[in-house]
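Labels run A, B, C and D following the written order; every chain starts at residue 1.
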């Protein structure tokens, strides 16, 4: 057997988990149904004649909670989705057939970390800070090979260090650091495949400003067909100093949904 | 940069999706909360001042619906889970801290297909047929390198061809083909990492017999610490004749749950 | 204090519950999200410092499961709801503001039982039997004062005796007895307030025919503004021989929904 | 026909709705699954051959959200529920069979309003104010006939005026006014049937103190078998000056649940 992939796999891998654990009470956007998990049946509730017992679960959640990917159907602008599809018409039937999350192919691709907090020498950028084109270019120079077409680019603001604090991570009064319109254009010009952030939205939010304007979503999802990955945990990745890696991301194949919880992995040969 | 994995990835991959699409109305076990997906907000419902609009989702489901993985916490026998953990005590608090699905590491491993339907020269084994040790051994001979420690072994009965029929796939009156106690012991002796099937449960079910006895669950989950993957789609994989491949499987990191929907991939260098 | 209502109440009441118990696994239409109830927290999971503990619940369900009321927004015909409201436009925003279940006032009104099974001297009418105008008129003669404007009229087919059987109650292959177009017209002419049945839909369903045509829904909900109450338990009411009673029905005040689970009561002075 | 109740009903009624509307985003305790309602199918999604269309709903919620009733199974103390039932044992199976909300009979009873805010001449008592026995006695004097055995007593703090403000209603930092242990004892001694409040919990909460101690729940639910009704809207009732009325409250008949959303009514002869 000479499958190059399997050989690499069997040579030993080092995996960094970029996903947040799904827990009741974790911070999430109030726009989306809250994550809940409960056990309808626990061991001890019902035991079969042979001594066996099965416990099980019930989950309810939005598709944009925890670490998640936005399908292109998530956002429209002036009534149109990516490719000029009529957004209102596309939703008739209750499923986004054309650009739903089921249309995102599983990703096993080159991933690149742009560590903007690291570039600035801080643990965390300030709330409301807009990551500039200069920031992106400087961070890309640190990545072996820079940012290329088809890559998945994850951008670290350090805001993920606030995840455990709950409300502070959502960031209403403080604002949230992130990419704005100019940075999104820079990413789109590089024809990347997907862009990710360690904030609840891939967007710079002004202090107290909320989600009134979402230019990065417009540029990337609507105008460029580039997927967004949100609420990533990029701390360990940055700690290891991995600028380049294999990114594995497999969305749930939910017919017609506008997003999916995901658990992206950064992987390297050990 | 000479990361062997990334080189293999960038050399080009061929991916076979082993997961079922999550759709309202798909066949699932009545023991688990039904999968539902709906769009609380569609494009056209609310448009921001700048012309932007975001659609979103609500999901409710059990963790053992669609293609899914069973955590070790899913099953106990005579009051004990794998490793002798007291099953009733472990559920106090409403989360399985010790053996919940959050404790399953993402898998990027050697995968092996044992195509029992192919071995028998049929599209689909009969309902109630018990896959024998002889079947497993014969099919393993067809796999390059056979079945080894740490592998993920997926076993095709052909029953997945009935998935689109709905109720027939669940299989109450007809029974379902699958591995019984002897086959499960054979797999456990090989110290595999996980075992999968194209049926709703990794288990041979007698016609009309339902889920009263689940010996393969006991042997694999409780006695051996081997994960189960259920409701796989193995048709394309068998059609391609891939006996060996890289198996990518990333469970959702749901704290304390007994399982997770998954979308496993079989991957080879193109 | 001489409030006539309170005096009657304090004189003693006899209450017959017309609602079904909400239980996981009860029969319901597959068109609607399944009823599930589970306990996220049980006693013993978490005890406060003072020895107190609180258990709680999670429910997921459609609004047309169990005994329930249909709001006028539930059904449209040729694109229009009751009063000529554009049905597609009314749903924009994800809530039926105009005719949603929140617009149904709580009912404390005269109720009338038309016991058609009793009239025919059978426990249960045949699947697919259409209750005729003659049936309704004959049964109304048995009710003191007949059927009057503003009444809530509940019609017993005896099909409720099948509720405990599960699938048989839903009635696909067998059909279901009920009121058809002519009977609905008769009820509408009497300007009743609401009409109820002991079947899963207020409708006669042909054997094997399913829900393709729903003429009683059209006549009553869309053309006449008369609410429908479904999956009633009318067995005890009929057993007591109450033709006339006070009907108490309080829908949940769910903003914008097309229906609500309800637990209607028939009440008389003891 | 001379049914006294129906005569009173047909003489004309005046109804005050004591329930809050169930809306996505309304204030609720973070301990309970959030209320969500969405429309899986809207008119226009699927039209039958005859021009008919049905829209429907999906709801997910805790049973202690919006205006709701606490079943006796909701709270235990030192491991015991009302009547000395072992609380942990009672939850095995995932349903509270003994004291679940299905065991609460629908209520059509004398209701009494104790308007403590009115007594103090304020719109709203201060956060953290404990309603005293003196307050209850003074308010009861204003009610015709006082507080009697079997009554449903609703106690107005005026805090319900904050419901529309959202977070302020929940009241963490401010505390919440309400009945404490002494007041609960006073109510229990009067052998009332149920007690209600216009706050999220029937309890005085200290500023910043949260729900660490819940003495009124212990005294009423655990020691006395008296149901609690929470998040009532008592503003219109107080505005009308109704001290005495017929209280109609019909819990959903959810097998094994610890509570139910309700929509209680205060009713009088017009």
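Rule of thumb we're sticking to: contacts are C-beta pairs under 8 Å (C-beta built on N, C-alpha and C of every residue); 3 or more make two chains touch, one makes a residue touch a chain.
Predicted model only: the values in this text are computed from it and were never measured.
Residues touching across the chain B and chain C pair largely coincide in numbering: over half of the numbers involved belong to both copies. For the two copies, chain B and chain D, the CA superposition rotation is 180 degrees, given to the nearest 5. Separation between the centroids of chain A and chain C, computed from CA atoms only, is 45 Å. Averaging C-alpha coordinates per chain places the centre of chain B 41 Å away from that of chain C. We define each chain's centre as the mean of its Cα atoms; on that basis chain C and chain D are separated by 25 Å.
Counting partner chains per residue, chain D shows two or more touched chains at residues 33, 36, 38-40, 42, 44, 58, 60, 94. Those residues of chain B lying in contact with chain A across their complex are 1, 3-11, 13, 15, 17, 19-23, 31-33, 37-40, 42-44, 48-64, 73-79, 81, 87-88, 90-91, 94-96, 102, 105-106, 108-110, 144-145, 212-214, 217-218, 244-246, 248, 250-259, 261, 263, 265, 267-269.
Chain A meets chain D in the complex at residues 25, 30, 33-34, 36, 40-42, 44-46, 60, 92-94. Note for the complex: chain C touches chain A at residues 24, 36, 38-40, 58, 60.
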